[in-house]
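As structure tokens, the structure follows; a few thoughts come after it.
Labels run A, B, C, D and E following the written order; every chain starts at residue 1.
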Amino acid sequence: MRWVNRHVRRREAVLIGAVPILLLVLLYLFLAAQRHAINPLDKILPLPGGMAEGMANLLFNTDQLTGKIIFWADTFASLQRLGIGLGIATLFTLLIGLVLGVLPPMRATFGPLVTVIAVIPPIALLPILFIALGLGETAKVALIVIGIAPVMIRDITAYVSGLPREQIIKAQTLGASSWQIMIRVALPQAMPRLLHAMRLALGPAWVFLISAEAIASDIGLGYRIFLVRRYLSMDVIIPYVAWIALLAIAMDAVLVLISKRMFPWAHGAGH
Amino acid sequence: MRWVNRHVRRREAVLIGAVPILLLVLLYLFLAAQRHAINPLDKILPLPGGMAEGMANLLFNTDQLTGKIIFWADTFASLQRLGIGLGIATLFTLLIGLVLGVLPPMRATFGPLVTVIAVIPPIALLPILFIALGLGETAKVALIVIGIAPVMIRDITAYVSGLPREQIIKAQTLGASSWQIMIRVALPQAMPRLLHAMRLALGPAWVFLISAEAIASDIGLGYRIFLVRRYLSMDVIIPYVAWIALLAIAMDAVLVLISKRMFPWAHGAGH
Amino acid sequence: SKAPDPQTEARTEFNIGWSIYAGWMPWPYAQQAGIVKKWADKYGIKINVVQVNDYVESINQYTAGKFDGVTVTNMDALTIPAAGGKDTSAIIVGDYSNGNDGILLKGANALADIKGRQVYLVELSVSHYLLARGLEKAGLKPTDVKTINTSDADIVSAFGSPDARAAVAWNPQLSVMKGQTGVTEVFNSSQIPGEILDLMVVDTATLKANPNLGKALAGIWYETVALMQRQDSKGKEARAAMAKLAGTTPESFDSQLSTTYLYTDPKAAVAATSDPALLKTMMQVRDFSFKKGLFQGASSADAVGMAFPGAKTLGDPGHVMLRFDESFMKMAAEGKL
Amino acid sequence: MSALLSLSNIWVEYGDKIVIENVDLDIEEGAFVSIVGPSGAGKSSLLRIILGQEIPTRGTILLDGQRLGGECGPDRGVVFQRYSVFPHISALRNTMFGLECEQAPLSARLFGTAHKAAKAMAMEMLDAVGLADSMHLYPAQMSGGMQQRLAIAQALIKRPRILLLDEPFGALDPGIRADMHALITRLWNDYALTIIMVTHDIREAFKLGTRVLALDKRRHDPDAPHRFGATAVYDLALRNRKDRAAGEELVAASLTPKIDANPNTKESIGHG
Amino acid sequence: MSALLSLSNIWVEYGDKIVIENVDLDIEEGAFVSIVGPSGAGKSSLLRIILGQEIPTRGTILLDGQRLGGECGPDRGVVFQRYSVFPHISALRNTMFGLECEQAPLSARLFGTAHKAAKAMAMEMLDAVGLADSMHLYPAQMSGGMQQRLAIAQALIKRPRILLLDEPFGALDPGIRADMHALITRLWNDYALTIIMVTHDIREAFKLGTRVLALDKRRHDPDAPHRFGATAVYDLALRNRKDRAAGEELVAASLTPKIDANPNTKESIGHG
């Protein structure tokens, strides 16, 4: 059978997909063991035992100041920032992407501005951000939003403006106004693509979150990573990064599920 | 006329699109003037005069070491890194995206791995990256590639695997093998989307370039920005950022042009 | 990780990492002015002086074995490579911070006013140490303030935000932050002289296998420092070049130098290194670090041993990881290089 | 002028290519115009121009004496040749779309009794096109003919003043096609619609239309085959059955194939 | 068994819905099978199953006595109901595609004389479908009928053993349709193809086919209209003109509309 036709069943896919990830983990363990054979005190690629030790403190001891377990407090703080940032970015994307995508004059007017904002590296202009938004949660959330929203907006704008012209014409012959076209034709069809854009934005969103937490913070997964980076505590950094990856993959899976549940027409093969 | 139908002519679009950007510049000038009225020594929002002074040194004096004008040397170094990074990422995307998109078993096997890599924030693992790849150009280029390629790969994979099934069937009835489907059906149709993905990746690519240059470098636009950041020299940072934006927009325009020239079928409205 | 350990082999090429700080600018200048090549040639070796823009990353790279030597403060030498199990020798004590680190407050002019504020600083760095020493002197408890970890690259702009009302920083950032309106420096390192040392450290095993590396480095350092101390046009030119390398103006660089106590004379450096006061300083630094949990997993502050000139040690003598080695400075003092 | 729609000197060009050349046409209110012509002659292009989807390169179109500004509205309904319905909503919602847009300018959704009434209307229309059982299917779950019927239902429910149909019955079997003929004739009579229909079935054109327009290439220049510049070669008004029979013969004969057909084929043309 | 294609007890179900129920069918090599039936009965589904695009929920298909494994290959050509051609290449390249894949396994592109030969073949085929003047157009620049003809040319150039056509002439005017009939008949004769064609034009079915299959719903249960389970209600082998005429009348009568038609409609059925 040709490879293009070999479809993999759901359950098998999960198993097959896990193999390369396991191999990656094994490769890591092998390299780590090798380094440790040469230098038992190697810090760069800690062994699982070392990571367990490194994490024990964060997982089982409560912080004196807050009375919370550090690991969970970090997780909670970061997830909150990420969630708010992703939420705001998505909302912006939906609003701006739809308006720019459906209405050509708006696209001509604001499209270039969005492009300019998208290509300005926000981390280069942090000082201005700090002055405008302070150093608290707002600034961190804002950095995430500024980091991911422009890309998402450009993607959704391109998608909406690329909807078949027949559909827009058809809607107009059925009496739809620009607004009605926006909410009844463009919006629902943009939703699956929006969820796709959110999935793609998850990686960058974590990057910006960590950057924000590295700049000025006292809690959060990124804060902890940058704090212990001083001591090359890879025994903490690697579990934290793995945890971030796990959280992100869970979010990704949820987004896929939502898309399949709520927009079956976008996934059903049809003919 | 309904707003959905108001199409803007090419030349007008350029003019209209410039307005919000000019307004943004004016807003900046207004705020800067206001701050300078309160504190003539304000460093955070420099006036154009201040920026000219700040840049003069970098623009007109040659560096003793290299004998080059710093501004151009920075620009050249950064563009080279960015170009190589973007090029490699695009190549990877094309190869991996096509294979994963066209061949379901490959997608089942490596799709999850790509997702994992996509959601791991590379800046959290910088120590490992720099240790593995050294502090030279390789690591900087690699950071860009790791930063942008997974998102691009996921996008192209999703696009290719979403090509109408009829096309794949049709190609097979015409005798095409998996390989031939890949190069004759999937590849050319993925190209416009690839260029779109590259455009969206430009912003993040600059972010990663600057992050890499911030940590280990002695030349480059990002290096200079982080160097003078210690002195809050916004009079240099802002022109540099504006220059980055200009370069990025030029690249964006080139990518649009290439797409329109080489793949007219993807842009022509048809009916 | 090749079969023969590169650190115990005699080699001819070495990498030395540095990051921007007033007291370390002689290194890149020496490279630029050909002083590095001159001394390296003399000992038949090659030395690459590599800039790392991010201070922490430069130490990480050293700890990971990518650099044979690196510029670092005494506290970070102890808590990062040494505590991480890398046997490290401090062969050049270049200077101590004599006002290059400071505590800044907005709208207040006494250190005691820091109570209850959020303090922006690079956590677990010499800034943190300075804050601890300051609080101690002001009779405050560490819990009287709340620290916010801030990256050294961003601390200047962060302090520009109205949210930030207290910060600890080092130069050059400190001088910029001090210049903002309503900001007062309420404590600085000149009040704890000799406690924050800026060093050139190298891997002990590499140094043992290649003593020429130590000699070359000492030679480079003292020739360069002597040059920059000159008040004639040559010295001025050298300082201007360093200022440029640091991304600042000659005036600002000179002012930073004025708060740096440079041991221009190798004899002075030897004396400072051999002074029992260093033991006391390092004990203080060590206790602070241990309290902050920087000796990962160690059960006592003695876990990481230190050695000083005259075979004196501090902590576990069976696990000496940081050695203050005055021998190369002494050679320079005696003109034996 | 009493003409509802008046085209004068219409040209459609794509670069160098001339598709429609100098078409003049007046269409009365209440007419049922059938357009026939060979594939690629420009029938769909003409329809798109009347719809307002495209602007002719030359010439003017007046609707009620007003110039058409390249915009389409609820006064003109359309069924495209490649029957396109909204892929993201069910057959029922596709059919209700027009009613919802009309009655709920803001939300474009109906609730309560308004919703019930609209749903009843839509279901009646779906029943008329034979899709009553399939109202909850998404377009991708429907056969080609079902999608085409859905597109017809979607357009008809609005009872537009002018209805533009581009080969609306192309994918339908004879039985359902006859039903559709009946339906469209009834709506045309009851609501005094004006209908312009493109079809390649000459019998259908003559059966339904009150006027048949044959569009054909004006030039067959081998050096510039793309500059054919189609125009109306016949324009027949039909008042009675005799008109129809005569016209059908005339048009069928004029639009016969240009390539030599084999005997088998010839025979069939005799039938047609 | 000498049958080229042998379907036994084929079922197609979508969840609860039964589309095709218990279809048994043997098709001889060289046959020209026409499939007719009402819209939505499952004609395209049946074709998709023979093509290998879909796998039946029950039953087996044998091709040359070998089980079909849900894969299609160059032995079966297809023209889909919604004529889909590759949008990113010109008409000429669309037509050459099959030749290029066959002759250049690695690059799927031809150069030099091989390219010239393939191009000549493709141009001949394009000429046969009347697209010689349009060979450099992209599909989006073509009319509906032109795209359909391109799809036909693309499939025919490969001369597949089994050719599956789903309403291939639906968007064509009578003139070009007759040309296409001639073309397909000639290729069928010359290359001994086996052709399975779905059409809603009963006359076409009987004119071209050597065998006509009428697919229709088996049940009309008002409580479960979706479980209609279509199957072959007629299967007529045609040897001569009398067979054809008789069969045509039979099938046309059995597939008449179920809804009461108005007088106007009735009349047309008399014609059909």
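One rule holds for everything that comes next: contacts are C-beta pairs under 8 Å (C-beta built on N, C-alpha and C of every residue); 3 or more make two chains touch, one makes a residue touch a chain.
Which protein is which chain? UniProt says A, B = ABC transporter permease subunit; D, E = ABC transporter ATP-binding protein.
This structure is a prediction, so every number in the text was calculated from the model and none was measured.
S.K.: Using the contact definition stated above, find the chains touching both subunit B and subunit D.
M.R.: A, E
S.K.: When A-D is set beside A-E, which has more C-beta pairs in contact?
M.R.: Between the two chain pairs, A-D has more contacting C-beta pairs.
S.K.: Rounded to a whole Å, what is the gap between the Cα centroids of subunit B and subunit C?
M.R.: 37
S.K.: Taking each chain's centre as its mean C-alpha position, how far apart are subunit A and subunit C in Å?
M.R.: 38
S.K.: Just curious, how far off is subunit E from subunit B if you go by their C-alpha centres, in Å?
M.R.: 48
S.K.: Need the CA-centroid distance for the pair subunit C / subunit D, whole Å please.
M.R.: Those two chain centres are 83 Å apart.
S.K.: Could you check subunit C for residues that touch two or more other chains and list them?
M.R.: In subunit C, 60, 64, 154, 156-157, 160 touch at least two other chains.
S.K.: Residues touching two or more other chains, restricted to subunit B: which are they?
M.R.: 2, 5, 44, 126-127, 131, 165-166, 172, 177, 229, 232, 269, 271
S.K.: Pull out every residue in subunit D that's touching 2 or more other chains.
M.R.: 44, 71, 82, 141
S.K.: Pairs of chains that touch, anyone?
M.R.: A-B, A-C, A-D, A-E, B-C, B-D, B-E, D-E
S.K.: Which residues, counting only subunit A, touch subunit C once they are in their complex?
M.R.: Within the complex, subunit A touches subunit C at residues 34-35, 38, 41, 43-44, 53-54, 65, 126-127, 130-131, 134-136, 214-218, 223, 226-227, 229-233.
S.K.: For the complex, which residues does subunit E have touching subunit B?
M.R.: Interface residues on subunit E, with respect to subunit B: 51, 53, 71-74, 76-78, 80, 82, 84-89, 97-98, 100-102, 105-109, 138-141, 154-155, 158, 160.
S.K.: Within the complex, which stretch of subunit B touches subunit A?
M.R.: Listed in rising order, the residues of subunit B that touch subunit A are 2-8, 12-13, 16-21, 24, 44-45, 102-106, 108-113, 115-116, 118-128, 131, 147, 150-151, 154-155, 158, 165-166, 168, 172, 177-178, 181, 196, 199-200, 202-204, 206-207, 210-211, 222, 225, 229, 232, 234, 237-238, 240-241, 244-245, 248-249, 252, 269, 271.
S.K.: Considering the complex alone, what residue numbers of subunit C touch subunit B?
M.R.: 20, 32, 50-54, 57, 60-61, 64, 66, 153-154, 156-157, 160, 172-173, 176, 179, 181, 241, 244, 247-248, 252
S.K.: Under the touch definition given earlier, write down the residues of subunit B that touch subunit D in their complex.
M.R.: Those residues of subunit B that touch subunit D are 1-2, 5, 271.
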